[in-house]
Amino acid sequence: MRIALINPNTTASMTRKMAAAASAVAGPSTEIAAITAAMGPASIEGYYDEALAVPGLLKELRNAEAGGADAAIIGCFDDTGLDAARAMSTIPVLGLCEAALSLAGFLAKRISVVTTDLRARVPIEELVERYGMAGKVRVRAAGIPVLELDNPRSTAISRLKAEIAQALEADNAEAIVLGCAGMADLAASLQQEFGVPVIDGVVAAARQAEALVSLNLRTSKRGAYAYPAQKAYSGYLFDK
Amino acid sequence: MRIALINPNTTASMTRKMAAAASAVAGPSTEIAAITAAMGPASIEGYYDEALAVPGLLKELRNAEAGGADAAIIGCFDDTGLDAARAMSTIPVLGLCEAALSLAGFLAKRISVVTTDLRARVPIEELVERYGMAGKVRVRAAGIPVLELDNPRSTAISRLKAEIAQALEADNAEAIVLGCAGMADLAASLQQEFGVPVIDGVVAAARQAEALVSLNLRTSKRGAYAYPAQKAYSGYLFDK
Amino acid sequence: MRIALINPNTTASMTRKMAAAASAVAGPSTEIAAITAAMGPASIEGYYDEALAVPGLLKELRNAEAGGADAAIIGCFDDTGLDAARAMSTIPVLGLCEAALSLAGFLAKRISVVTTDLRARVPIEELVERYGMAGKVRVRAAGIPVLELDNPRSTAISRLKAEIAQALEADNAEAIVLGCAGMADLAASLQQEFGVPVIDGVVAAARQAEALVSLNLRTSKRGAYAYPAQKAYSGYLFDK
Amino acid sequence: MRIALINPNTTASMTRKMAAAASAVAGPSTEIAAITAAMGPASIEGYYDEALAVPGLLKELRNAEAGGADAAIIGCFDDTGLDAARAMSTIPVLGLCEAALSLAGFLAKRISVVTTDLRARVPIEELVERYGMAGKVRVRAAGIPVLELDNPRSTAISRLKAEIAQALEADNAEAIVLGCAGMADLAASLQQEFGVPVIDGVVAAARQAEALVSLNLRTSKRGAYAYPAQKAYSGYLFDK
Amino acid sequence: MRIALINPNTTASMTRKMAAAASAVAGPSTEIAAITAAMGPASIEGYYDEALAVPGLLKELRNAEAGGADAAIIGCFDDTGLDAARAMSTIPVLGLCEAALSLAGFLAKRISVVTTDLRARVPIEELVERYGMAGKVRVRAAGIPVLELDNPRSTAISRLKAEIAQALEADNAEAIVLGCAGMADLAASLQQEFGVPVIDGVVAAARQAEALVSLNLRTSKRGAYAYPAQKAYSGYLFDK
Amino acid sequence: MRIALINPNTTASMTRKMAAAASAVAGPSTEIAAITAAMGPASIEGYYDEALAVPGLLKELRNAEAGGADAAIIGCFDDTGLDAARAMSTIPVLGLCEAALSLAGFLAKRISVVTTDLRARVPIEELVERYGMAGKVRVRAAGIPVLELDNPRSTAISRLKAEIAQALEADNAEAIVLGCAGMADLAASLQQEFGVPVIDGVVAAARQAEALVSLNLRTSKRGAYAYPAQKAYSGYLFDK
């Protein structure tokens, strides 16, 4: 089984971090094929970045599906381009936010997502609403630029921990979801430290993708995710 | 006052139809600057088309704002790229769906949107939900490809009328919203025929844009619509 | 075009303030016909005042429509009597709260309404819920009696500003809606001071009323807003 | 214990019907003091009638409370003026719709309200939404003018029965709520005929009013139902 | 009229306290038959205790109905086993939470439930959601083990009062609902002390049960509460 | 890895069918330990059966956890006793309904659950509501007693297929969820026949359980799922 893990931003170090996390949990016969988008923003913080990340993502997804991938993961917690990706393909496509929230809902009744940049808080709140979990989930931003997560001299990690502590205290959180793909390497130690489940979307999506493939379940091609109609698409380097 | 009316699909005849509708209702000192995107799909039917229309739309919006536009309208009923557009600009940006639903809510308690292609029904239902009108609004698709609306030999218009009749009968609709920018020329005659308010999003958005400009109201740059952070955007022909 | 701006309370100074605000933004060919209700409370603070304001309001609306008004505005942020007004007339009728919230939703994702008296907070929260914006909008009362807004020696303005500051801080508000018709003269300076959109319902409603008239859109007379049935109404000075 | 049963419309035959129903179920030491409003419409069908019924209702409520009533019932299924009534008094005030829905919720998971006039359907749907029961309750109008319920030659009863049959079949209704005070005499025979609970609001409210009084529970005077502030009310025959 | 008041936990002192409260408010011809479950937990704090309390409760309900009870009350604020109880019987069955919330909604717009153990907060929040009152009701836990309520040396009462004071201040509560059957004896004095309605579920349910019986209303046997199908139930001491 | 698959009803043939389905999809190192409850109803159709199934289920869960199970599945589509099970254990516990709906949401926007007995429809609708999917999911009952699914002479399968066809037609369903554990053997052939994803809860739960275990995620013991407090539980054969 091959799962394409597509990073919709152009920062290869984030791709490597995600790939390591996903490979560590994938089954023995699963290959994680990690891909960095060539077109798009260096990180995804808010609506504008999301929008500009989508065409590059779709291009990589087309290539991956043509190349035999059995499922795909969009490696961004904003679930950027998820509906478009599903509409254009038949293999299952997973987003990090929905995958993480779905597992979190199996473990706890009150959940807090802790994300990075302030621009990302409302978009994630809208995802929570769309996934029907507004009654259970609160979203907090630690005020960290995404790319600082990789800077060892940054105070990003300590700010993240302070926000988790606040979530437990003020939100009565029973579990924590890490709201950025760049936190994939932190889940285990944070779970150890705080004593509640800490869920990372990358590994959540990897295991859900494997589940769907093994169950022979693919994206519905009836209704909202029907294949796009035949028409001209101007100005794109990849044909539809 | 200059309002940029940006058609995010590449079909110039639709742009002309929208421009005519908007110009007919705009105030005497308002210029409607109609623009057809150079990059994107020929029509927008569902999630995939929406996603690929956004970068071309944002490029035209950037040019329009730089060129002195006071407000902008995204000429598509799916409100394609609306949040991204707002995040990148400070002039008000209007979508057709939210503009039309907002006026419809001033006139009636039960409203039906009648759109074209089946792929567009669920995305519009999601907009209705997001705009908080799920309790008031039903969405119907007449099963018409968008580009057939301009074909005089098509049965598109008669299918549209049949769907409106159904909405009045089965949904108890008190007003009709036309769920496609390509129907902008039909509102007056349909209102005449069916005896209920028939709202087109193009003119609704044009008048709302004028209202915002005249009231000196601009997109908030605090929180969700804060300007994008400085970062690299690879592979785009326009700089951020 | 003539727009009747009906103040449903009996305080003429508030009517003048609203009329000035509306006239300042109305189009060159629009006449704002401001009317103070003869029957009702001196200000509207809570459910009881609302209820007693309605018959006087309806009487003025009937006169205004008979006199040729093209649209009407109910000059109270509680949208007092709005549904009854629409049911009895065919010209468009606008409320301040729905008009302001509708424009605010075009500019920001998180909005705080700041109103005066504590009795008005829950009624406005119920309007927010009814207009489908409970996920986006918080309501705060500054603890100011309505009629104090006109008292130059009052601390009303400073309390209002303190509440706006709280909304930005604690609610993450991205835009402010002024929750009382008596604040119509404050919007511009508050917007200047706080650096976020500040929306007043009077001018919002005036521009929306103009929009509806120019688009030839009138209240639906099918269903909820159908004309009242013929019957006796005892004890009123105006016939139905 | 004295319970004021105030009919907010001016049709005394409806008052008598309600009084008979309420008296039949009230406890031995409870006096039902039935009052017909002197000011207002002959029947209440939709928003306009509701609005014009409120001042007359409030006047009778003031008199009743001053005269020693322990609780009051607003004898109309639209819960006309309920919030205003509670704000002005301290005795408990009950509406028929909320009383009936509350009992119905103890007996069944899926409930249909069957009302009379088409103008009343949406207002009752809004009450259902406000009372948090939109997931459980459907509303149907049988297309019957209210005052026809008393006409022995009318087909009103057979149309009502046909609508109940439809509710059981199409809505999977498990209980029926009669959506008009003028149906108070029909509940027992309809329950017998259809084999499901049939709930009338008049008797539901009477028993709930008794319950509140016996439990020494009165309307909260903190917050939304605080007493009206001192101010002038022009043009009313009764002082506040 | 005989009303079975079944305590689903095994602590007889709580049964006695509830019985005293219910008997004090019941009508002169009503007998409160109080029963302590023989099988189940000593107190009900959270999901696990709830689940293990149900079979013992159902057994007592079966006996009570067979013995001629006209209605039953489940004496626990979690409304433990309520749906199962209704499905197996035809007499009305009341839960404390729904009965108390229903009365509270007649008296106030913003309500806080104050309960005991932290494990009970989320289950009660879920009941509030299910009863459609999430927009009106907040839930607080005072951190008191249920059985401490009867310990005169405990600080339970002072912690409860502190939590009520917080509810008034921070939640803008207009009425308080006591979220544990073991607080039935405290309602009157707390209402006196805090000056807002304080509602206890035991007496609320007792009066609602009387109301249903007097109105000849019984649990619907159509749909969700249809009698269980005939089948084997292994391992229970009472036959279905 | 050992996953306990506990059938909360007492019919061993259903256990065998579920075990076969789960074993067929489980990973090579996963053991499915299937258990039939000794105490409870022969099938679970509605609230009453659910309630009586829980103690037997909890007993088996306690034994399974003590015996070293890494996760558990409750083999009933009603998610019977799920919250209680989670509160008493630390290993992950999955319900069929939430597992199936969660996967279905990755594949389609509009989903129909098709279940068996009419008594189960409303309880499943309540689960859908609780899992936040009421906007996406419809529930249909085919009117089949659960135990007829195993009867080769029954018309159960043809009735089930007719209901699926209706869901596609009338609900615009894009995917089907099988609403009974006893349908686990039918998913593949129905998916083949109807051309949309058909999701069975047993295999969905099995794969999700494996995912949670492999990710080292366990039930939160903070808040709603905290371990039960120490107390007496009378009348049960297993100690807490």
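We just call them A, B, C, D, E and F in the order they show up, numbering each chain from 1.
We adopt the following convention: contacts are C-beta pairs under 8 Å (C-beta built on N, C-alpha and C of every residue); 3 or more make two chains touch, one makes a residue touch a chain.
Just so we're clear, the structure is a prediction, and the values are computed from it rather than from any experiment.
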Of E-F and A-E, whichever chain pair has more C-beta contact pairs: E-F
From chain F, the most remote chain by mean C-alpha position: C
Furthest chain, CA centroid comparison against chain E: B
Length of the line joining the C-alpha centres of chain A and chain F, rounded to whole Å: 27
Between chain B and chain E, centroid-to-centroid distance (C-alpha), Å: 52
Euclidean distance of C-alpha centroids - chain D vs chain F, Å: 43
Sequence positions of chain D contacting 2 or more other chains: 86, 109-110, 121-122, 134-135, 172, 223-225
Chains that touch, pairwise: A-B, A-C, A-E, A-F, B-C, B-D, B-F, C-D, C-E, D-E, D-F, E-F
Footprint of chain A on chain E - complex, ascending: 121-122, 129, 134
Contacting residues of chain B [partner chain A, same complex]: 10, 38-43, 45-52, 54-56, 58, 81, 83-84, 86-88, 117-119, 121-123, 126, 130, 145, 147, 223-226, 228-229, 231-236
Residues of chain D defined as touching chain E within the complex: 25, 27-28, 86, 92, 94, 98-99, 102-103, 105-110, 131-136, 168, 172-175, 188, 191, 195-197, 199, 203-204, 207-208, 210-212, 214-220, 222-225
Complex interface listing, chain F residues touching chain B: 109-110, 135, 172
